[in-house]
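Consider the two complexes below, in which chain A is the common component and chain B and chain C are the respective partners.
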Partner chain A sequence: MNAGMMNATIAKLALQALLGRRRFYLLLAFPVLLIGLVVLITALTDGDAAYGVLPNLGFPLVLPLVAILAASSVLGPEVDDGSIVYLLSKPVNRYGVAISKWVVALAATLVAGALPILVAALITGDSTRAVALFVAAAVAGTAYSALFLAISAVTRHAVIASLMFVLIWEGLLGNLFSGIAWLSIGQWGLRIGHAISDELPDPASLPYAVVASLVVTVVGVWFAGDRLRSFSLRGEA
Partner chain B sequence: MSTLVLDSASRWFGNVVAVNDVSLTIGPGVTGLLGPNGAGKTTLMAMMSGFLAPSAGHVTLDGQPVWRNTATYRRIGLVPERELSFGYLTGRQFVRANADLHRLPDAAAATERILEVVDMVEPAGRRLDTYSKGMRQRVKIAAALVHDPAVLLLDEPFNGVDPRQRMHLMDLLRQLGDQGRTVLFSSHILEEVERLARHIEVVVSGRHAASGDFGAIRRLMTDRPVQYAIRSSDDRALAAALMAQESVRAVSLRTDSLDVQVGDLGSFAASLPGLARQHDVTLFELSPSDESLESVFAYLVAR
Partner chain C sequence: MPDLSAPGPGRSGVIHDLGYRHFDGVREGSGAIARTLFTTGLRHAYGLGRSGKSKVMPFLLLAMSLLPATIVVGVVVLTGLADLPVSYADYTNQTQLLVSLFAAAQAPVLFSRDLRHRSIVLYLARPLSSHVFALVRWLSLTVAILLFTAIPTTVLYAGAMLAGLDKSDQTTDLLKALVLQVLLAMLVAGVSGLISSISLRRGFAVVGSVMALIVLTGIVTVVQNIAWYEADSETVPVAVGLLSPWSLVNGLANSWDAGVDTVVPVDGAWVPAYAIIAVLLVAGCLLGLVARFQKVGSR
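So, the complex of A and B:
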């Protein structure tokens, strides 16, 4: 598995799938609302109240939701209705298909998820903190998009399964049990961001966070490719 | 010239057997894969196109396994039954993407050439979601043919296509077969297969029921015993007269009709009106009671 397996045609089609569907507006709405909210709170309140939106809403919710939308848009519908056979009935390496689709999902997650977090954090001041949060979001977005791509390759209920991971595992249980930080993509990202700014939390060890993020990313994309290698069409029987 | 071979191929899903020990060889020319809905045609097609692993047996193209072997797609063009969900692309963009995925040296020229072959040059600039069923079908065929494959597999290509476009598609497939390509299409409609394929393979309930020249299979089908229900002014008199006919195998009286089992359809059909007139019986109704395609197939399997 390497970058040379990237297929420009698959990536272009994935981008068209992302931009050509109505979901795209939903994808666009998240960053707009996030930045709008931060601007509004900055204008109405004094002090650092606006920043609170980012670690409490932007990072744990908007970022993974954007990653879910992006990953499921580049792969989900085609797997669901079987029309991915048009892409797969070609002499193209299927890991390459997975990598190309992941690159597009990642780019969308960075542009519509991580970048707005940077912009919003800059509005609240403290550029070091803003950069740290952006790095955290970029790292988490990378692992999220790979994980959600893998989920899209195995189940028709990818959006629900991914949402449950984010809302129940990372959100609800993550708040109740601090140990879940060791198995939470968002927390790994924050730990890496903590290396830049102390204002971010320190939930796990840095080397662990780096390795874990890397492993989820590589295994996620590889797994999606492997599922595509065995992609089956079921007959009506 | 390419040959697709199924060697004792079976496929089951859990404890449902979709394809049961099918061996067949598909060579150059047009072959029709005929069977009722649910017979396992789509499962067979999926195995032949590398989108399903056989549970047992082998599926090979020119000796190479098809499953998990993306290199075989250089020689295969696949027209799936699935709808195109790339509605946001124009016909030209879609065909071009297929050409690019095959890394054709001159993808643009190949795209235009094949759009011309399927007669879709003029609407190629419009989005796929504005196309009629027949147009989508032709674009799918263009996409499958753009890399000039030796084998073309089409799953129910005429479903929902209007008669005029159907003629056009059939002419196209016939030409492709005459060029020495291996063309296999599936259908559940006898007439479609009859008009296009010289060679047919019949599958029923996951089994390979018959194979060969269409004429021979058609004869098998038309020569089979057929059941008719007749209503007339005097069923009993007609029954007696019918029983004397060589073409009639059995007659049974019902309360208001007559069931007749016929061995030789042709001479029965020719003699019935004369027979009725001779015995002064008026025929009210004559209807085949088992003319469904399923009963034809059932006969082939039981044979």
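So, the complex of A and C:
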């Protein structure tokens, strides 16, 4: 990715779209919920019970939800109400638009999704495991935000489509069929985290997980830019 | 000069006679408006009467929740099992992700669009009050969600009948499941509708509903399991179950012997507590909806 493609103004506008008014509180709710729950359970039980929250709730649910919220709100509302044409009528490279928006979504995902997972994991003890989970969350969050940005550029139903990918494909079907780990962003992240701490599961091969995460990220952002390049306005019925 | 708006004696019609063409048909009252609004809302929840693309999501989700039922029916019919491997009430519970997603995806269709595009003022210009409008919208979504849960269970029941399972047992179980589904639909429609009427951007409404329906239920399940297996507490898991719509309905299903397992059995004084909280939650959501539409309507 070329840093010269970043457009500071577009990034600033995307940040405002993300954090404006009440939306900020919805985004804030996720880390507060996660850390609050872990603190509560750590205080009330002995042993390693609180850690169970992270692989069961924090990593597979909170992290992708934050990524969906971030990616869809930097692009979604503009596509939704059609005001994206004013942005696209400016002489700015469309890939630059996509990259600028993706960087903002990525930053939000890391701050409100991956960082709370690190904090919560540190509260449960075992700092190696915490760092491993953070790396897993950062890798998965990066790929998630690029994929969801690409989905946002394609359809008005981006949030539901992204949710179906996370909840039904990765969650429901991923639990039934272990082979889905090869096509699951969350599992790739966990595999990379497994290289740091053996406490994380080992669902796929490491080189594959690294390459697949990288490909999804690059192709996702490129595809979002490509969709913006050939964007056409359609009415809603 | 034609009389512009005077309805006949004792009538409150709102078809204005502008002098171009008379209307001699039946003038129906608010009841007819409410009925039409209900039917249109129900159709729109499934994308009927809207663009082709709007039909994809609801019917895709419905097909996904029907698929396991048809597989179960096939297995039961072919292998001659003596009982369904999953109870009717538990089938709805097992597919709760799809039900929640359906509610989260379709609630904004009924509750956000009119407010976002301000077409609500056109509705409220008719004799229907904002209270009735909010309640009718909620009823549309409730029936839509009820259909979403009842169709797969009906398929299961039809399969059980074809396979020759005991008719009275199956019918009792089905009726129990249907009663629970009505309660569930009222709860889920209330929660997702209220969230969608407050958060008008579709993305935020959907994520908000997902938090209230899916994330909250996930938290409740995790806390219940930890409290039971790690801390050996019986009170905490039952009490925490009061906090999410799904755990409320599942707790009631468990106490009613409808074939749903919960971490700790719900019995004794907890049963009325679950019922009361469920009813209060529905009432609270309805009050919230009415207040929200009244505020928007008076602007």
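Keep in mind that, in the parts below, the second predicted complex is superposed on the first by the 231 of 237 C-alpha atoms of A that agree within 3 Å, B and C clash if a C-alpha of one lies under 4 Å from a C-alpha of the other, contacts with A are read in each partner's own complex, and residues count from 1 in each chain.
Note that in this section a residue touches a chain if its C-beta (ideal position, glycine included) is under 8 Å from a C-beta of that chain, and two chains touch if they have at least 3 such contacts.
As the structure is a computational prediction, the values presented were derived from the model and not from experiment.
Visitor: Have a look at chain B and chain C on chain A after the superposition and call it: clash or fit.
Guide: Fit.
Visitor: Could you look at A:Asn93 and tell me whether it touches chain B, chain C, both or neither (first, second, both, neither)?
Guide: The answer is first: A:Asn93 touches chain B but not chain C.
Visitor: In the overlay, answer first, second, both or neither for which of chain B and chain C A:Pro77 touches.
Guide: both
Visitor: Look at A:Leu13 in the shared chain and tell me whether it touches chain B only, chain C only, both, or neither; answer first, second, both or neither.
Guide: Touch partner of A:Leu13: chain B, not chain C.
Visitor: Which holds for A:Val85: it touches chain B only (first), chain C only (second), both, or neither?
Guide: In the superposition, A:Val85 contacts chain B only.
Visitor: A:Thr45 in the overlay: touching chain B, chain C, both, or neither? Say first, second, both or neither.
Guide: second
Visitor: State whether A:Ala158 touches chain B only (first), chain C only (second), both chains, or neither.
Guide: The answer is second: A:Ala158 touches chain C but not chain B.
Visitor: Answer with first, second, both or neither: which of chain B and chain C does A:Phe231 touch in the superposed model?
Guide: first
Visitor: Let me test your reading of the model: by the given contact rule, A:Ala107 touches which partner, first (chain B), second (chain C), both or neither?
Guide: neither
Visitor: How far apart, in whole Å, are the nearest Cα atoms of chain B and chain C in the superposition?
Guide: 11
Visitor: Can you pull the chain A residues that chain B and chain C both touch?
Guide: 77, 236-237
Visitor: Contact residues on chain A for chain B in the complex?
Guide: 7-10, 12-13, 16-17, 19-21, 77-78, 81-83, 85-94, 229-237
Visitor: Which residues, counting only chain B, touch chain A once they are in their complex?
Guide: Listed in rising order, the residues of chain B that touch chain A are 11, 13, 16, 18-19, 37-46, 49-53, 68, 70-74, 76, 78, 80, 82-89, 97-98, 100-103, 143-144, 206.
Visitor: Where on chain A is chain C touching in the complex?
Guide: That would be residues 22-23, 26, 29, 33, 37, 41, 44-47, 49-50, 52-53, 56-57, 61-62, 65, 68-69, 72-73, 76-77, 80, 156-160, 163-164, 167-168, 171-172, 236-237 of chain A.
Visitor: Okay, in this complex, where on chain C does chain A touch?
Guide: So the residues of chain C in touch with chain A come to 50-51, 53-54, 56-57, 64, 97-98, 101, 104-105, 199, 201-204, 206-208, 210-211, 214-215, 218-219, 222-223, 225-227, 230-231.
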